[in-house]
Every structure is written in structure tokens, then in C-alpha cells.
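Shared chain: subunit A. Partners: subunit B in the first complex, subunit C in the second.
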Partner chain A sequence: MSAGDGGVLHLPGDSALHRLAPQIKLLAAFGVVLCVVATPRAAFWAFGGFALLLGALAAVARIPPGWLARRLLIELPFVVLALVLPFALGGERTEVAGLALSVPGLLAAWNILAKGTLGLFCSLTLAATTSPRELLLGLQRLRTPTTLIMISSLMLRYVGVVIGEAGRMRLARISRGDSPRFLWQANATARGVGTLFLRCYERGERVHLAMVARGWSGELPEPNEPRQVTRGQEVRNWLLGLSPAATSAVIAGVAVWTS
Partner chain B sequence: MHTTPLALHMTDGLLNAPTALLFGAIALAGIGFSLVKARATLDDRTAPMAGLVAAFVFAAQMINFPVLPGVSGHLLGGALVAILVGPWVGTLCVSIVLVVQSLLFADGGLTMLGANITNMALLGTAASYLVAVALRPLARRNRSGLLVTAFLAGTINTVMASVGFLLEYWIGGAAGFSVAQAVLPMLGIHLLIGIGEGIITALTVGAVAAGRPDLIRLLRATPSSGRPTARGDTESASGTVEGRS
Partner chain C sequence: MDELNEKAGGTETAPLISRGNDAANPVLELSGLTYSYPDGTEALHRIGLRVEQGERVALLGPNGAGKTTLTLHLNGIIPARQGHLAIDGLEVAEPNLREIRRMVGLVFQDPEDQLFMPTVREDVAFGPINFGVRGTDLEERVRRALEAVGMTEHADRAPLRLSGGQRKRVALATVLACDPRLLVLDEPSAGLEPVARRELAELLLELNPTMLMVTHDLPYALQLCPRSVLLDGGQVVADRPTAELLADTELLAAHRLELPYGFRPE
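Entry: the complex of A and B
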């Protein structure tokens, strides 16, 4: 995560995936990942199919492959776990490059790697094509309680401010000659966190008073979103938007059926 | 090097699909219940205050601390917010942070969102708050009592999150290793991470207690009475705002 903009993964663009309504994208993303997870691990071809599908979507959204590859590294700790499993597990053994590896271990490692990577691929595609604001709009249209939407939108609005404040506090501390190392960092860090909480809470109080001064009554004003899509277009958008999830369901269904 | 501990931010494929859906439903129910309770305690200030506390949790989670060489933990913050703003708002804040991390930062698998929320936002926060409430007489006595309470609550928070993972893995694990094989390493590593979380929680609560003891919800006479204390907060805030640079 990089600081500054809060580290949001959104890549602004104008592709079909970017323009698709966020609630459709959210449902489709959950659908695809659920199908990936439900696929039996031995159906190797199915994972190839999912990878092709997600690759095609990334190409439609014009997400640079290098950008995706670097972000897929978030998964590294799970790769380490996956690499340990073929050695750690018992059961039938097989010879790979002179090493006796456990077959269940290899399958388990494959399972974590394939599903974890495909899931992350899907999350990254969603995050790259959906801005934070659109995401909240999508969640709102999926009937998320408005209180949660309000908390989330305020959080997203202020997280950059809070992170910036934390950075300034750290800079102020270091410029006054403090350079703690190893465990001694804990004290300075925690004092910083405590101060940061106070500043956040007091900022929250000020924000609340400012909102009250502007007529806040505890309810979000009705958003008057311009509706440019007709009923027919909306149905088409839904069908098109959910087609990746439907394709995944077919792949998973066939994989379950044949194994 | 950013290494995320295992039980936190689980990736897709660690649990099978029915278990993922089951814990998704549990997470939704937990968030819904917390929402009802939070509304009852905080009135029209709920959204702005919780929004800023959630932003704080988000920022605090970016702080990594070394656990073992190559392994670093980061703050979960569940115990911290439960002590500072109460369990209901705390649960909402941690849940929202997890949802946003999963959807906007691809941190934690989409199908694991329910399980991750159950572990870190529901189980972790609930367990640490129960510990904190049980130790409230100690916490009220003096500063070191408060620090010990916060330390234990913070430690329990992380350990309980890993227990949640083991429970989920026992119900529907799909990673190949058995629960028996996982129990000791999981609990061991998370006890270490928990001690880190406990130390930071205790020092943070200590810093807040030194500056604005009135903000620590755990120490208030009746944690559920929102209105009267809320007024007090606002007044003392306007006093301190002037003092700030």
C-alpha cells in the first residue's frame, strides 16, 4: 500500500468494465470468485479457463499486465505456506527433481496457489475499474444500510487526511532527534497512535459540528443521480455484466460434474 | 517487506465455498446487530464519529511491527477501538475497514470477507471487550491497572482472531493440512503478534488516558448512556481545539 492517495488501486479509464454499473460489477466479482473456490482442485483445465476469462476481462479493461503482476505479489505469504505443504504433509509420495514430495501436499499447495491467485486477480480487476465513490454507490444500490455507507464514505474521505497527519507527526518526531530502533520503536509508535486517535476523534467532533451547522440531521440527503439508461439498456447491462459470473458457473459446474 | 500474518486477511481457497458462505451470513448478522446497538448509543453523531474512528483504524493498521525475523504483524485495532469507543461502534469500524480493504485494495479474498470479518471484527473485538469489562475495576483503580487491562485485551484480540480461523478451518478448511497440525503454530505465532498488539494497545490507551481520559469509553460509569457524556465530550473538545496548533 502506498500512502498519499490512501493507496487506492483504481486505474481511471473509459473501458466497458469501467463504465459498467458498480452494483453489477460487485455481484459479478463475488460470483466469479465463489465459482473459483467451489471448483474441485483436481480439475486443472477449469482453472486455466478461469485464468483465460479473467485475462480477457483485464484486457477489455486495459489493465497493464505489469501492474497486475506486481500487485499479485500481495499473495507472497500464502505462496510460502504453499511451498511448505508438499514437504510437510504425509501420504503418497512422488519423485519431483530428486525430491520425495507428498502428493496430497502438492495438491493442497496447488489449491491455495490457484484459487488464491485467481481470487486476487478478480479483486484487482474490480478494484482497478471501480473508484471508491462508485463502489459505495454500488453497495448503496445493493441495499446496504445508509449508516454504513455514510461511515464508509466519511472514512474514505478522511483516511488520506489521517495518514497525512500520521506522516507529519512522524516527521516532527524524527526532526526533533528521535530515531528509535527495533522494539524501542513501540513506545514512540504507540504514543503517536494515541495522539493520532485523539486528533481523529476531535476532528470527528469538529466535522460533526460543521455538518450540523450545514443542516445535518442524521440522514444522508437523497442523491439525485441522473438516470441516463433506459430499462432495456439496464437489462442488457445486467446480462452482459453478469456474463463472466455465468461463464464461471458453467466452468465450475462442468468441473464438479466431471470429477 | 510486508508479510501479513496467516489468520488475518485470508486469501481465497483456504476455506471451501459453503463455509465461506456460512461465515458471510454470520458476518452480515453480526454487523447488523452492531449497527442496531451502535445507533442506540450514539444518535446523529454516529456517522461522523465512526467515520473518523474507522479512518483511524485504517491508518493504524498500516503500522507494522516485527514479530520474528521476516514476519511482521500489523495492528488489528479491535481491542483498541472497543476500549475507546465501545464494542458496537468498534465492530462497525473494523468491519468497514476490512470491507474497504478487500474491495478497494484487494487485501483479503472476496469469498473470505465473511470469515475475516467474523475473526477480526466480531470474535476479536467481542473477546477483548469482555476481557476489558471483566477487568474494569482494575482499569479504574490506577494507570497501571488500565495499561494491564488494555494489554490483555489487545493480546486476546489477536489470539481470538486466530482461534476463529482454526474454527473455520475445522468446519471447512481446504488447504490440505489438518487442524491438529495447525493449532500450535497458529496459536504460537498469534500469541507473539498478540503481545505486540497488546503492547501497542496499552501504550495507545495510556496516551489517550493522559490527554483525554473522558474519551475512554470503558472507564465511563454507564457505557450505554450516550447523551449526557456526549455533551461533555463536545464541550471539552471545543476547549482543547484552541490549545492545538
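Entry: the complex of A and C
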């Protein structure tokens, strides 16, 4: 993966969501996630509303449901935790399919599942429609400190190089008969990780030298991109782009008000 | 060079490798340069070297001879503590470092270290932006540098997606865009397939820069550089025409250098 052409989380396309400026998408996604988190857990209808909203956005962005579902699997550890709660927590109990489950536990599990899934759904939609490079550009336009942008940008650039290096080291280990399957065979792998860390450190030094040699003095060069939209279009983009966040705010507001 | 300039968009534009104003100054002049590592090991001992405008010089020597340490002195990345070092008459010292780094184009051995921006175009623009170039001037510089190395159509690709030879060309373009007076190449042929190696040589001959090329690749030195300097143990051991130096098998053997099997310098 590299910053230039996305990776497993980016789905190149030409939908309205893909074309929207990254800074608008970032703020909108942040707004939606905040609203989801702020919604009282017992306001079940509100979560349905969020799900519909995000579903509509995914449809607009033409993200295949299967693609999203596969990436949602990363949530599994939290799902396992959520499934334990109805059994583990005390308080009032209710019978579901012959099992006595804790009511506070069920609510806590629902809270984790619903908010986690919706939050992840939102992040995946953002990632699918915005390349890593655009995300950085969006953060930069939102005035994120340049040092952080520089670090993230270098990380994106070199993650592929480091993965390649790790792969070559693994092949070299396997070629010499190493087949780590059990924990007690992890010694060589652990040493490999240490070596990789040192190599990354050395590479960092060399990259820094190469940057200094081209006159770098600590500032990130500003991208030299011409403005492509008029003022009116920009206002329209912002209003349209932030509308999911505004809708979420209304849902969350009503949910808080009525509960 | 003029041919290249014409190709790059007209005779009006300045050359990619600038020739400087004062022909009387050597492009590189260093004398009595001594450097020791922090642990006290002496890496360079009273090095003296003069490279005139338009000269292409190979810097030869075994591993650990001090070649890379010397190149890092040339643009002040390692400050010269003892001895005199000047680029085009300008002393390599703290107040001049910005100008020195513009004038000395250092191309590192591993392009992976040099190319760190998300796209080729941004990487080529990185140096000129640092030196204060903006707007159409910047675009023009990037365009010409990419055109000179034949990488225009790859401008928007990620460096990671390029082949070794292409990366080397882009690394060269990142330095050409800074309008250098002296091109310093560290092992330019390392890791390149024969065709990419030949293409890079043709490109360098076409650009015809004032150049210092660090290499173990002796035939490459013969092809590109009429003059060679042999460095060993931190000292200049020989400074002669390349063909003559490569014919001296005893000298080469004494400094752990040898020509590839079957190769005879003419």
C-alpha cells in the first residue's frame, strides 16, 4: 500500500462522495460518529435512523455491501466482549430462549454493538471514498500541525517498504528451515522484528539526510494546487457534505430530548 | 546540453545543470579535508581535490575507503571541521548551506531513501520548494526535470510502484529540479539491470553535468568519467585519467579493486 494509490480500505470511484473535498468528509464523518456516540442507548429507533443514513451514503458511493461487511469483521473482538456482558453482568434478569440474561448486560452489549458498528460503518465509508493521500490533504486543510502531517505522510509512504522488507526477512528465515508455529518458536520472529525496527531507524536517518540535502529545513512544502471550485460551489459543497452530520445531530438531539 | 535545452522547451530557458557565472572558479575545491568519526577513527585524511567546470570524475575505492563520508561533506551534511572546502568559490559553511545544497545535487545510492513523497511530481517539486521556487516557475522546473529523465508520463504515480531503473531516474530528476552546479552520484549503477544501467549512462552523458560519481563499477567509471580519483584509507591514492588508472592492475589489486572477468580497458 502506498499513499499514492490507496490500499485495502480505499475503493476508487467517481461518485459524489468520492469527489467531495476531503476536509468536508472528515468533518462530516467526525460529526456523525460524535452524534452516534452521544445518542442514549435505549433510543433504538435513532440507531435505525443512523443505519439508514449510512446505508444511503454507502449506496450513493456505490460501495458493495459485501465489501463493507468483510471489513466490518475487524469489529469481532468487540462483538465477543459484547456477547459476554449479558451473562457476566448482574442486576435485573430476563429470560431469552431459555437463558436468564442480565438486562443491564443486554443494554450494554447493544450499546457496544450498535455504536461500534455504526462508527466503523461511517469510518469505512470515509476510507472507501477518500484515498490516504486525500485524507492527509484534508487534515492539512483543517490546520492539523504540519509535523503530524509529515509523520503520517512518511508513514504512509514507507509502510509498503517496511512490509516488503519484513516479507523478505520472513522468506530468508523460512529458507533456512525456520517454521514458527508455536509460541516457543517465536524467538527468531521476535529478533526479526527487532532487526526490522533497527533497519527502519537507519532508513529514517538516510531519508532525513536525503531531505536535508535538498534544502529541507523542517517545514512541509505547501502543495501547489490551483483552486478548482468557485466560492458558491464551495459553500454548496460544504452544506451538502455536512448534511449527514446535521441529520445525525437532529436524530441524536431528538433521542436525547425524548429519553 | 544545448541540445537538451532545446528539447526541454526552447533555447531561452536556463540549462538544467547550471554553468555558473565565474568560469575561473573550480566547481569543487577542497584541500586538507580531515574527518574523524566520533569514536576517533580517522575517515578522511588531508584530502585534496579540484573538479573543474564540465569535468566528470569517478571516485573509486574499496568499501570503507571514506567515499560516502566525503560526499556528505560536499553539501555540508557533515560539517568540515578541518580543511578548506568550496563549491563554485563559495565556502561550505553554516551561513552558505542553503545555497550550497542548491548547488550540490546529491543522488543517494538507494532511491528508496531519496523518494519519500506520495507522488513522483511532489518529490521532484520538494527541493525547488525548499529553495523558494513557487508557481509556474516551479511547474516548469518539475516538467523539465521529468522530461530530461524521460519520466513525464509517470509524474502522478507513487515512487513505490516504479521499477528500480525508473526510481533511479526520478531520484536524479529530484536533484536536477534544484538546478545544481555539481552532481554527486553515489553508486548510480548499483542494483540496476544491464539495460537500465546503460540507459542511465546515456542519460548522464546527454546531460553532461559537472559530476562526481562514487562507484565500484569500474567499467561504468570508464564509460562516464574521463578522470578517476582512487580513495583508500581516507586518502587520495591516485588521481589519473580513468583508462590509465584501470590499466594499472597492481594499483587496483593493492586497493581491493578489480575489473570484471574478461574486461580490458582500451
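Annotations for the structure displayed:
Operating definition for what follows: the second predicted complex is superposed on the first by the 248 of 259 C-alpha atoms of A that agree within 3 Å, B and C clash if a C-alpha of one lies under 4 Å from a C-alpha of the other, contacts with A are read in each partner's own complex, and residues count from 1 in each chain.
The criterion applied here is as follows: a contact is a pair of C-beta atoms (placed from the backbone, for glycine too) under 8 Å apart; a residue touches a chain by one contact, two chains touch by 3 or more.
Not measured: the values here are computed from a predicted model.
Aligning the two structures on subunit A places subunit B and subunit C side by side, free of any clash.
Looking at the shared chain after the overlay, A:Leu52 reaches neither subunit B nor subunit C. By the document's definition of touching, of the two partners only subunit B reaches A:Ala38; subunit C does not. In the superposed model, A:Tyr158 makes contact with both subunit B and subunit C. Of the two partner chains, neither subunit B nor subunit C is touched by A:Val235. Using the contact criterion defined above for the overlaid structures, shared-chain residue A:Arg133 touches subunit C, although it does not reach subunit B. Using the contact criterion defined above for the overlaid structures, shared-chain residue A:Arg206 touches subunit B and also reaches subunit C. In the overlay built on the shared chain, the residue A:Leu142 is in contact with neither subunit B nor subunit C.
Angle at subunit A between subunit B and subunit C, computed from CA centres in the superposed arrangement: 70 degrees, to the nearest 10.
By the document's definition of touching, both partners, subunit B and subunit C, reach A:Trp216. When the two complexes are superposed, the chain touching more residues of subunit A, out of subunit B and subunit C, is B.
Here's the short version: in the overlay, subunit B gets within 6 Å of subunit C at its closest Cα pair.
Within subunit A, the residues touching subunit B in one complex and subunit C in the other are 3, 153-154, 156-158, 161, 203, 206-207, 209, 211-212, 216-217. On the subunit B side of its complex with subunit A, the touching residues are 3-6, 11-17, 20-21, 31-32, 35, 38-39, 43-56, 58-60, 62-63, 65-66, 75, 80, 84, 92-93, 96-97, 99-100, 102-107, 109-111, 174-177, 181, 196, 199-200, 202-208, 210-212, 215, 233-234, 237, 240-241, 244.
Those residues of subunit C whose C-beta lies close enough to touch subunit A in the complex are 72, 75, 77, 98, 101-102, 104, 106, 108, 110, 112-114, 116-119, 122, 125-127, 129-131, 134-135, 138-139, 156-161, 174-175, 178. Chain contact summary for the complex, subunit A toward subunit C: residues 2-5, 133, 153-154, 156-158, 160-161, 203, 206-207, 209-217, 221-224. Contact residues on subunit A toward subunit B in their complex (touch as defined above): 1, 3, 7-10, 26, 29-30, 33-34, 36-38, 41, 71, 74-78, 81, 85, 88-89, 104-105, 107-109, 111-112, 114-116, 118-120, 122-124, 126-127, 130, 132, 135, 145, 147-148, 150-159, 161-163, 166, 182-183, 185-187, 189-191, 193-209, 211-212, 216-218.
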